[in-house]
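Naming follows writing order (A, B, C and D), and every chain is counted from residue 1.
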């Protein structure tokens, strides 16, 4: 297996999870990480509902589902207070982190750190990390339910 | 015909339209008015895309399509700056008004004025106003495309 | 109005209706006529379910809904016995006619008579006939619910 | 593993495959077997299109996709000639077998043999058989793409 270790998450604030959440803590379980922006139409209409479906379809003890708010534009109107309302209105219960900015300053460094570390091309981006913390799948844009289900199960089938 | 005149719109700011826009100016054409909040899931996933479909299906000279941002909760994160981004990201080109608050003060008067005047029960709400300015149809929640198409055409068929 | 009178229906057998059914009898009401073949995928997956939706959305006293089985290929396996099962399994309750063949002989004259009279290009074909029996709309292939609803309502709005 | 061996297929005729096709020949690959009737609405509108999607999503060398025409009612109008037209019109390219009847006589034995051997409750039924020929999953009615993708991948992940 030549896949690289998934870069660590740089999160300035977690919703639905405590501050210590990290990929290290999740080792042993595959991780479904979905990066989104709350005002990105493709995220709101497709990727977030699909992620919620993933969260319902697999037990938390089998698969970790984590959201990442990777705001790279229009920062002023997609801050943590707005995200909190978005998560509440959409009844999202799994942990969602706010991707952090260099020096905590999106005005000077608009591309958030985790988004840069994964070389994401935009939102939505869907990522699968295996039990050993290796980055295995990264999709920019939409992916079909049938294929996503298969990709998740492939990682679930691997030994711990 | 016993329908009442549609209450006037109380708008503090128009996007994609000039400040003089009003129901009076639109007299002569049926009006499809859709009230929404930019963080209401049913609006974002169903009613707004449907309204955009209406805007594409009928000529502007036949049917006026107007959005109304009726924010009655979480005002801080659904202000005009956030709405502007939402409209841009979703490529909404028809006029959208910000429903106004009594004394311009949503903290003291959270229910906006037009929403109150129409006795809307929440968002999304879809409204049809006829050529003569009478309120003819008001739906809270979703309505099927087939039925909505028929309701619009019924008003279009009426003489000017 | 320059539209021509809709050609009469040539039906060898009616299901869910009696033998006297004709466009003449339906004068006074708009008619939604949908031509299909029971083994045409676009019919089975889209046009027939849409027609059933139309039948549910409008009162029979307002709009006549009529199906027409226009078999122009594979006649042996789409005969009236097979159609009867299809209508039963799909719970289609409105009248459906079997489009007739010249000399009652599809082997020699495979294109059925009504299909030829309307110059249909294939299946599915959706047709709207107004209260006065004039052919007003003819779609080959799919049409959107919003547009179809509007087209039906336009005919409903015309005086008897 | 306590799963039982999948019962053999009793097929009177294969389309898109030769007469020697059997579960034994497919050992080594997981098998996705979908049982349907060509005039069952749930099959035609959901299960068959989903099966075609499965056939496109996975390589034939990884997963065997097999259809089974399990006609237990209306035998006269769902015979092999009608099925052949159905497969052609729907562009189904993977092997589809006609489930056989005891004494080749559906009039006396209407429930076909494979359907009985699997104790299927109706159509559509979706079945997954693992590399070793064991029956692992059997769904009556619809199943979600996400779950189906996961179930298939679980079997794919098992060693040969």
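The criterion applied here is as follows: a contact is a pair of C-beta atoms (placed from the backbone, for glycine too) under 8 Å apart; a residue touches a chain by one contact, two chains touch by 3 or more.
These numbers come from a predicted model, not from an experiment.
Colleague: Touching both subunit B and subunit C: give me those chains, sorted by label.
Modeller: Common contact partners of subunit B and subunit C, which must touch each of the two, are absent.
Colleague: Please report how far subunit A has to rotate so that its Cα atoms sit on those of subunit B, a copy of the same sequence, as a value between 0 and 180° in steps of 5.
Modeller: The superposition gives an angle of 180 degrees.
Colleague: Interface overlap for subunit A and subunit D, more than half of numbers shared or less than half: same or different?
Modeller: same
Colleague: Between subunit A and subunit D, tell me the centre distance in angstrom, where each centre is the average of that chain's C-alpha atoms.
Modeller: Computed from C-alpha means, the inter-chain centre distance equals 37 Å.
Colleague: Can you compute the centre-to-centre distance for subunit A and subunit C, using the mean CA position of each chain? Integer Å is fine.
Modeller: 50
Colleague: Could you list which residues of subunit D touch at least two other chains?
Modeller: In subunit D, nothing touches at least two other chains.
Colleague: I'd like to see which chains touch which, written out pair by pair.
Modeller: A-B, A-D, B-C, C-D
Colleague: Which stretch or stretches of subunit C touch subunit D in the complex?
Modeller: These residues of subunit C touch subunit D: 38-41, 44-45, 49, 74, 76-79, 81-82, 85-86, 89-90.
Colleague: For subunit A, which residues count as touching subunit D in their complex?
Modeller: 53-54, 57-58, 144-154, 156-158
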